[in-house]
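Letters A, B, C, D, E and F mark the chains as written, and numbering starts fresh at 1 in each.
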């Protein structure tokens, strides 16, 4: 199967024009070897570990959520060269879908909402809002931790939760929390919670469920969808950063 | 005592010219009532709770680490008006010292290094580097949690720790981690650890000890110093965001 | 009456989207106390004198043409604090309508044209153009001075006037004078006439009738309109800068 | 005498490096005909009238305070072409000295201070501060009007004047008024007074003595200085905009 | 005939809105003397030689492809003054049509394609693509040199040519060469070929036929078109830079 | 030999701080494999041909004048991937010295001046000025063509040449030609001559000797210098774009 045909399918799943402006230049083929594709690997990040695994399983294309080269470069350092060498020697092209896949139907945020078990789901520009059976803040945090198999870190004054907004990745931004407040949300689940956000938005329950655990499910569920659409083998590579808490 | 005289002393302790460029306009008197100062309150953030406490103890000046108005405003909304009203009705001027006090001698970073018990301390541009008796990663993380009385969240491949860099507040930035790497640091203690940093810097032990717990000690220790220098009453107001972890 | 309902009416009278680009962030509620409104004060500028008068008459909202904080601030100085304290202690919200009200139907420019007695009035983007009975330049300047109860200052080579353009506030700008020239205007009435404008546009009669006197009538006439629409008491506060001439 | 030699002398009198940043590209030869100079004309503005007079008196160079082309052009319109034709047909080069001559010793501001009779003159960055025998605000305004032979327009709450700051041209800017306030100035003499300045600075007496009348003396007094330094004929051309007041 | 009427016709031939963004301010009347037009001169560049010839033939308007003042000026130097004096003394207005005429129907690129004898011509945004009878690279280069009466300089690996793109003036830019590659072009004819372009695009035959020779024909053919449309005399002035090669 | 030691020597020869501002990020190691260096290749451009030759001769480092990635990239296309693969598979690091080596002593411009046989050489900021025995323009152009073994293309009105400025690469820029004019230069040798330069600077003889032929000698002569300094094998790779002229 031609790489360009795979790209057409990927653009149907996550139309590049859905991406945020800051993602310009970061969506699509980030390493374009114009090769034929018989097998695809999918992962959250293009780490060296992930590339090695992709080579082991003889993938021809690696699809990730985060791009290989975030800030444009004029120089290639050893770390980037090491990753590139694995890709070039094993003829693995690379493709990135980021905020376009966050927004897309059945993308990062939809999968996240589903994993947490939200009902009556409403789409906002980026996150998803839904309901759960009313429970205490602590029980809700516990439920999130179990659903996503992760540590969580939470704060805020809300004691009972029934309306929830989820936002995969780094979603504790005022503009999105504003949306949550306007919708009467009790708990906001995302990651990378910062001090200034806690100070301004603690009338809600703020649950930091890690960047990895809120986005990884969306990439995992991409695999069966792709297999069905393309009729070729698609394999997920899990590379969890091992976070501990005390 | 004239407010302008208090300001001179504060500028000795944390010279405004030490501040980062992004802090321009955010250091110094953020509410200047030109009043006389008999009593001073100190806190990390100018929250409504902190202002009320400052009024209760009849403070004439509130010194905080974070500024009242971060992004310049043309409009005053209800939340800001509520805080301002407490200050205006109780004649409390406000003063902010931020990255200038991070850098200053005996400022945020020096106090943080002392609390964690570092020895052979070396100043870098912002953080501080020092040594501890060699211990395992887990024991080190445990020691930080106890020293700062906080939850911690940690990751990374380093298994033994003897050289440590500390950076109060949001210090997981590549430029500062670069400094740590060049100095052969084993563990880096700061807050607001993000996913992309974990991916690029996990050859060190990365310990997120929360923004509050890494900066609050520096504000607390400002009180006795000010009392001694000014000869007036200075009281610390602790307003800990209650964070829980699972 | 809820503040938000008053705002809806003000936005009908002077739709914010009519404002010039430089007014972004300066139109609307500049101090939003979310209070109930029983009485409204109107003035050209939010000076300390005006705020005191607004407090005396127990106004809950002050509407002005010029905004309270023109350049966005990170700090509040004594002068701003003094004004804010009056507003906060007397629970007076503040609202600003500026270039949107200049342009609006029956706004600053329409009222100005009416006061000077123009006929056959034509709307341009900002100013208004109309006719008067032909008279000499000196008689016209005299008529303007009397109509607006102000000193005037005038120059230019046109000796007879029958077509007039008026522009409340600081309207001696090339782009607007260009419009006047294209319409065959004899006399241009506005304020804050500068030397470079005199040098390039003195083929018309240029009449500087002061910023205050050209804009104040529009604010004055806002009062009865508001009273009628809202059914509550609206009072005008006149704070004329006392200008003398020799 | 070579034009380049005249330029050297002009640069001694008003060093171009004294100019404000906004004057970059506007100081020096604005029409460089590389001609020999036997006679020089001086005026405030390069109006068509001034050019015609310069041609009548057979000047080879016209020195003005304001430049010929303020905003850089790609096109030459009829008005500019008319002025240029007079200059080109009569072989008149043009030279502009603006904020560099405002600041220079014996430049615009020094001459203005002398005309008004200030004593104990102190130089600030731009304006000049000095003293006069104490008098009432009205008497002072009257004295300025007579000294500069102009109408004046004044306002402000100060009733007695003994310390004065003068600033030729458009000097009612906050940064300069701040200087005046810090020096305890009672009256500020300049031109192009705007409403927002009146509102913020009316604790001083603000005297608008017109742009022309505050700058023209400095250009007039340039003539004898140049004649003495260069040994050639230098003639002043007065082109007063005829301003009337009511 | 009024100048404004001539301008209307010129804007029909080369609508200003077709121009590239960088040409803003550079299209249209560059010297507007508001004179009557009885005779028109046309040339590629407004050189002093061209202006003198325009004066000799008593032209009232000079139309050129390149503008008189490329970078906006605040000062007029001797070289520009010399050209302006010829124009002003002989009452010659000036008009420039540049990238708008490149793009326009029957403009620079259409005439160039016709001169080289292309068939089946296809319009792209700027250049034109067409076919010729297949020939060797050398024969094609020779044909271009003869058709345009110029030296040519060529490089690239393509050995047989049948599809050709032409681009008058400085057209060796990646964005336009990309278009050529997508259309399967064998030879690209333009001018000002640079080293970095040779390195990236030498799979095509790149023929540099000089800026002058690729644009001059379009200006020459403007003359009969204008004569027919306006009914007045239009004369072409050829000012070829004499280039030699070894 | 360690790569970092080779870099130190290269920085002595061409100090990076001599580079133009636009070269920021383009000087130094453009592919850093942190490998040991036993053999070095040198060329003007990092073309695929050059990389293959570097691999054939078993070079560990390729030094070029032009950088591998001119505009910073977020994506790696097939063409760049092909070049990178050769470098990565053969463990060839890459280093670029550009305008710093143009300016450096015995760099591009010094070698160019020597090749053409200039005497009494004077350094300017970038180019070099010197004298030759007086000769006709044609003879001079012929001499340049033979000295550099290249076609040349020349124009301009100067008929006799004795003072010459040379500038390797794309040096026909007004700022440098201004320097030439001030020094009374007769002939200017550089490359990538454009039409607008011909129009403004044809009082000199302008000789375009191609980008390649004016810069290649400087890279060639770098080889023996490096061999002597480093004591390892350094080989030059010549990849001339084959340019023909008619």
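Methods note: contacts are C-beta pairs under 8 Å (C-beta built on N, C-alpha and C of every residue); 3 or more make two chains touch, one makes a residue touch a chain.
If you want to know which protein each chain is, UniProt gives these names: A, B, C, D, E, F = Nif3-like dinuclear metal center hexameric protein.
These numbers were taken from a predicted model, which means no experiment stands behind them.
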Chain E reached from chain C - shortest hop count over touching chains: 2
Each chain counted as touching chain D and chain F at once: E
Turning angle required so that chain D lies on chain E, C-alpha fit (0 to 180°, nearest 5): 180
Intercentroid distance (Cα basis), chain F paired with chain A, Å: 47
Gap in Å, rounded to a whole number, between the CA centres of chain B and chain A: 32
Approximate Å spacing (C-alpha centroids) for the pair chain A, chain C: 53
Overlap residues in chain D, where contacts from two or more other chains coincide: 70
Complete ring sequence of chains beginning with chain C, oriented so that chain D follows: C, D, E, F, A, B
Complex contact set, residues of chain A against chain F: 25-26, 28-34, 67, 69-78, 81, 84-85, 88-89
Of all residues in chain E, those that touch chain F in their complex: 45, 47, 66, 70, 138, 141-142, 145, 151-155, 169-170, 191-192, 194-196, 198-199, 202, 210-212, 241-246
